[in-house]
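Below, chain A partners chain B and then partners chain C, in two separate complexes.
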Partner chain A sequence: MSHVTAAPTAARPPRAGRPADPSPRPRARGDRGTLILLLPALVPVLLFSVGPLLYGIYLSFTDARGGRNAVISFVGLKNFGDVLADTDFWSSFKIGLIWAVSVTVLQFLAALGLALLLNQNLRLRTLARVLAMAPWAMPPIVIGLMWRLVYHPNAGVLNAVLQDVHLLDHNVDWLNDFGTALPAIIVVGVWTGMPQTTVVLLAGLQGVPKELHEAAAVDGASVWRRFWNVTLPQLRPVIVTITALDFVWNINQFAMVYALTQGGPGGRTRLPMLFAYEEAFRYGFFGYAAALGVAITIVVLVVLGFYLWRQMKESR
Partner chain B sequence: MRRGLRSALAVAAATVLGLTAGCSGGGNDSGKPVTLKFLSLAWQKDSLAANKRLVTEWNKANPKIQVQYVQGSWDNVNDQLVTSFEGGDPPDVIHDDSSALAGFAGQGYLADLTKLIPTGLKNDIPDAAWGTATFDGQGGQGIYGVPFLQESQVILANKKMLDAAKVRIPTSGDPWTWDEFQQISKKLTVGKRYGIAWPLKSPVNKVLNLSLNFGGTFFQTSGGKTTVKVGPQEKEVLQRIHDQLYKDKTADPSTLGMGTTDPLPGFYAGRYAMVPAGIYLRQQVVEQAPSGFQWVTIPPLKGQTTQQGAISQTLSVAADSKHPKEAMQFISWFLNGQHQVDLAKGDWLIPTSKTAAQDPTLTTDKYGWNVATASAKSLILAPYLKVNGFDEFKSKVATPVLQSYFANKITIDQLAQKLTQDGDKVLERYNK
Partner chain C sequence: MKTTLKYAGLLGYLVFLVFPLLWLLSTAFKTPREMATLHPRWIPHHPTLRNFSDAFAAQDLTGSALRSLIVAVSVAVLTVAIALPAAYALARRRSVLNRIAIGWVLVSQVFPVVLIIIPLFIILRRLDLVNTLPGLVLVHVTFVLPFALWMLQGYVRGVPRELEEAAAVDGAGRIRTLVNVVAPLLAPGVVAALLFSFISSWNEFFFALVILKDPDKATLPLTLVKFTGAEQAARLGPLAAASLLATVPSLVFFAIIQRRLRSGLTAGAVKG
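Now for the complex of A and B:
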């Protein structure tokens, strides 16, 4: 108990787990210095991220329209009321949800398989890992253009291969057929997003202690049982994080789908971001488009919050 | 620590100075020559060469008004213009088409050229063509672009197949009727070969322009309010194309989702005998068709008339341009009769200039130029050009509905109902 009576001159006892700060003045000066050093990085973030974000939220409460000398008036929640009543938007949002959930789930399953493979002691493992990351290095627009060629009804490699193996007897216009357009872009989405999910899962796999596998093997657990009862539970925090992030990235997808289909045919691939983009840049309804952006963010946050809450509840 | 603080301040100051330097510049000294930015959307090889050559010639002859050529693309010109207009730094001279001008004029982004257009240029272009660039702007009705190239819809046909089927080759004076065209398509459909390919990835303009053959206008205005109408006249062309796809089975359904140029490889390979096309597509055939491939340009089809909706390529001046007079000077020179001949030949389109239309190179029967130039007589102002909100109607309502109809997912009555109900809802937004 001697430490209770010690240091009579200290103004405040140190908080649990933290050492006492012996020299508060120099530290305060250090904070200022750090802040100034951070300014060059902070200014662009404030200017180009936070500023536009706040401006977008402000616009969502106005009737802002494109036009020279356009007068902007505050309209309160009118835009949000219009969003709720906009059946076109909700059908686009439904397509967005189908797209995001499908891509996230399929991407996760494919990435998990690939990560398990790349975690083995294979020959040329490093080369395989590098090649698996290739789609990550490609800009979304380039991916869109490349897959447009793959899916081309006359000159596309997909039709040629399927006809060579007698799975097709005629050319299919994958990106313009009402039945195949959405599945076709989902495949591209999975292919594009797989590398980053693979990297994260691979890192997670490498963090699973070998001893657990060895102990389970000694107890006679099969490979499948070890995967189900050892690997997956150990990966759970990684899986929750990466699927949540993937979902957010996917629902916000724009460039790749724009390059592939521009939302067609018949609006079958018009994701919510494409819908908002058209409202702003084609029709000039900036206020309404901003409200769509805010609404999408809110709905995604709610869906994501529910998902994370469920996962946390189950892991307790 | 003090030294560290000083370093931090230095870094911050340098950054701020750097940013400031980056944001400044570009001022306009009155002693210097005026520089105009010219956004051109030329993309065909000959057209690009003609545009660049004309700009170089102008710059040599006009040291005080220099033109800076800026290459744009039809694929993203709308985004490029909207962002540059909103950013307050648009190009001075803008190449676009008349369907895009209505919106930009209404939003006040384009200068009204009515008082700037010289008489010579005004008289050299027919009133009907000026009509395609006349819109309601923020200051009332005005001319918001100089129309210079127009496109008509013709049919490119495999000559050997027509001859083998003993089909009459029509002339501009005696064109095929739609009935005749449908009969001929049946004749030309043999085995796995189809008579016609309808590439309808972007069906709206094509259908609306052709529907004028039967007087179909799709819009009506009453009491200042525009609404959509789909009656028997509007249904004619829609129904006939649908019949070719699903009743006569003379049109290849696999080409439905294609863009205009996509069916050409199948056309060369003999998978279909005819392809409906804008006249500019002749250039691709001339450049790409295998040697020995014989083709012919079929003049516009006749319903009640051969009338088609016209859209023009235009040159406009941005309202924010500091040099509108100089910009108009350049446009007036750039679009004189002789230069329009060069531009029309480069893009394989019809010039609006009356002088240019008489040039012998545009009336020769080589590559169907005589048919293309004569088709200008069929062009009338497309009614949808004057509809406020047409772009949204087209993208949100008409494109998906027409695609669904041509994919045989809905009936023509459902199409009519959707176009009018959903279309009116969209137009209501602009009627306010």
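Now for the complex of A and C:
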């Protein structure tokens, strides 16, 4: 957990850690006032977010079922044993990792390129900025449906265009073909997440002091060297934060893929969230699905922790 | 030469970003007959509005849009009403609570929603809130709250403390200072938080899928998914038309707040 909060803290100026309370007023009274103001926000978060989370972790050690009057009894680590033995889940999890890593990496590379372009004085810049926002605002379900239209075997634009330029001589059913389904949804994932990543990287780029670039240019550093030795190191905290968040968001993706493929064909795009959803709400295995949720969380935390640890070690 | 390369790059991005949107637009105005032709084209041959009326006839779009509207408006109002005092408290006194709140915003991202939705479903069932719009509102508020809080906190920070102190010196009471001095300056932030909460709720699918089982209760995203059933080429028109309509409110609101959302998000990502 603390790894996640560590990322943005790393970007903070070192001394801003915990400033002394600047208010000269007596503390005790102020704290009570603060608590009253915070209470309306605290209660729902505790009751419907923190509470359920803890309850969910408890459920992962039980045999809870979906039925209304099902008796819940403690089964220890049984669910986790089942998770480890569940080959269907692990193949779904493997797909989830391939998906999340590819989307995060491609998203980042695409967004970095776009952010670098938008940071220049080019025409069309404003237009590009506005257009880049669209995927961010659209309902994920609509994004899924829209790309279904693009990928449609007969009426889709992709097959038409590819045949026009003679890259293809027959119609491909992109979302139903075992080989193309996963790459196809990865493209949609990149399209969807690129804007947000671009915006964050762009803000980071604008925070790189101009003087550094100018000094490097005076010293005769090429554009490429300046990018590699000045821009990237300055951008590092931002990059680490946004890629870590993107990874988490991507591995937890549900709606868009549900609209695109519902996990098909033959489970080739069944991300872990879709798998766990089916276990819980189609088959009613609440306890088991909760254990899947815990297992996913643990793996994500390990991956994230390793990534952030390496980044911090390297930046030292 | 180098500039040309840059423009080529930018153009590439524009094409990638825009072509699915244009295709959605194009499909929404095509006749079923044209959809069945061998080689699909960009500009509809005989543009038609029939897909829109067909979409309304095929699914309960009006009803689900209305329900989505009720949910999203309730979520927006409730979220901001709850978040505003908390944001004020957090921004004005940088206590441990502040760090915990920000920490929770980030930590809550890591947990898969599946882990939370199962216990939440059991709790809501006990409260008889499954299959009800208030149940969905409750869940949406909880999940929009952290980010709204974060946004609003930034706006409160933007109001100089000296202004409040000056008003206090001038003899204005605590409440009067808040109403007459702080509130007007926070108005833009409140609007942004309202619109952000509205969009989040309007777009949300997963919780709605789990909580609203009854087709008569479906919100817009749930109804949209029903268009994917039998997918002959002829049915794609209404699907596109309905998708287009569902996107309009989000796009309009987003256009209004995008600059603010951008600064809010990036301030968070860069400064923590």
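Simple rule for what comes next: the second predicted complex is superposed on the first by the 288 of 316 C-alpha atoms of A that agree within 3 Å, B and C clash if a C-alpha of one lies under 4 Å from a C-alpha of the other, contacts with A are read in each partner's own complex, and residues count from 1 in each chain.
Quick note on the criterion: a residue touches a chain if its C-beta (ideal position, glycine included) is under 8 Å from a C-beta of that chain, and two chains touch if they have at least 3 such contacts.
Here the structure is a predicted model, which means the values were calculated and not measured.
*Asks:* Contacts for A:Gly67 in the overlay, against chain B (first) and chain C (second): which applies, first, second, both or neither?
*Replies:* First partner only, chain B.
*Asks:* Tell me which partner A:Leu175 touches in the superposition: chain B (first), chain C (second), both or neither.
*Replies:* In the superposition, A:Leu175 touches chain B alone.
*Asks:* A:Lys210 contacts which: chain B (first), chain C (second), both, neither?
*Replies:* In the superposition, A:Lys210 touches no partner, neither chain B nor chain C.
*Asks:* State whether chain B or chain C is in contact with more residues of chain A in the superposed arrangement.
*Replies:* It is C that touches the greater number of chain A residues.
*Asks:* I'd like to know which partner A:Ala155 touches here: chain B for first, chain C for second, both or neither.
*Replies:* both
*Asks:* Can A:Lys313 be said to touch chain B (first), chain C (second), both, or neither?
*Replies:* In the superposition, A:Lys313 touches no partner, neither chain B nor chain C.
*Asks:* Taking the superposition as given, does A:Tyr283 touch the first partner, chain B, the second, chain C, both, or neither?
*Replies:* A:Tyr283: touches chain B, not chain C.
*Asks:* For A:His166, using the defined touch cut-off, is the partner it touches chain B, chain C, both, or neither? Pick first, second, both or neither.
*Replies:* neither
*Asks:* One more residue to check, A:Gly33. First (chain B), second (chain C), both or neither?
*Replies:* The answer is both, since A:Gly33 touches chain B and chain C.
*Asks:* Share the list of chain A residues that count as touching for chain B in one structure and for chain C in the other.
*Replies:* 30, 33, 37, 40, 68, 154-155, 281
*Asks:* Name, in rising order, each residue of chain B that touches chain A in their complex.
*Replies:* 1, 4-5, 8-9, 11-12, 15, 19, 78-79, 82-83, 85-86, 103, 106-109, 138, 201, 254, 256-258, 262, 265-266, 319-320, 389, 391-392, 395-396, 399-401, 403-404, 407, 409
*Asks:* Report the residues of chain A in contact with chain B in the complex, numbered from low to high.
*Replies:* 26, 29-30, 32-33, 36-37, 39-40, 43, 65-70, 88, 153-155, 170-173, 175-178, 264-267, 278, 281-284
*Asks:* For chain C, which residues are in contact with chain A within the complex?
*Replies:* 3, 6-7, 9-11, 13-14, 16-21, 23-24, 27, 35-36, 39-42, 81-83, 85-86, 88-90, 92-95, 97, 99, 102-104, 106-120, 122-123, 125, 138-139, 141-143, 145-146, 149, 199, 202-203, 205-206, 209-210, 220-221, 224-225, 227-228, 231, 233, 236, 239-240, 243, 246-247, 250-251, 253-255, 258, 262, 265-266, 268-272
*Asks:* Over in the complex, which chain A residues touch chain C? Could you list them?
*Replies:* Within the complex, chain A touches chain C at residues 1, 4-5, 7-9, 11-12, 18-19, 21-23, 30-31, 33-34, 37-38, 40-42, 44-45, 48-53, 55-57, 59, 64, 68, 110, 113-114, 117, 120, 122-125, 127-128, 130-142, 145-150, 152, 154-157, 160, 163, 191, 194, 196, 199-200, 203-204, 207, 237-238, 241-242, 245, 248-249, 251-252, 254-255, 258-259, 272-273, 276-277, 280-281, 286, 289-290, 292-294, 296-297, 300-301, 304.
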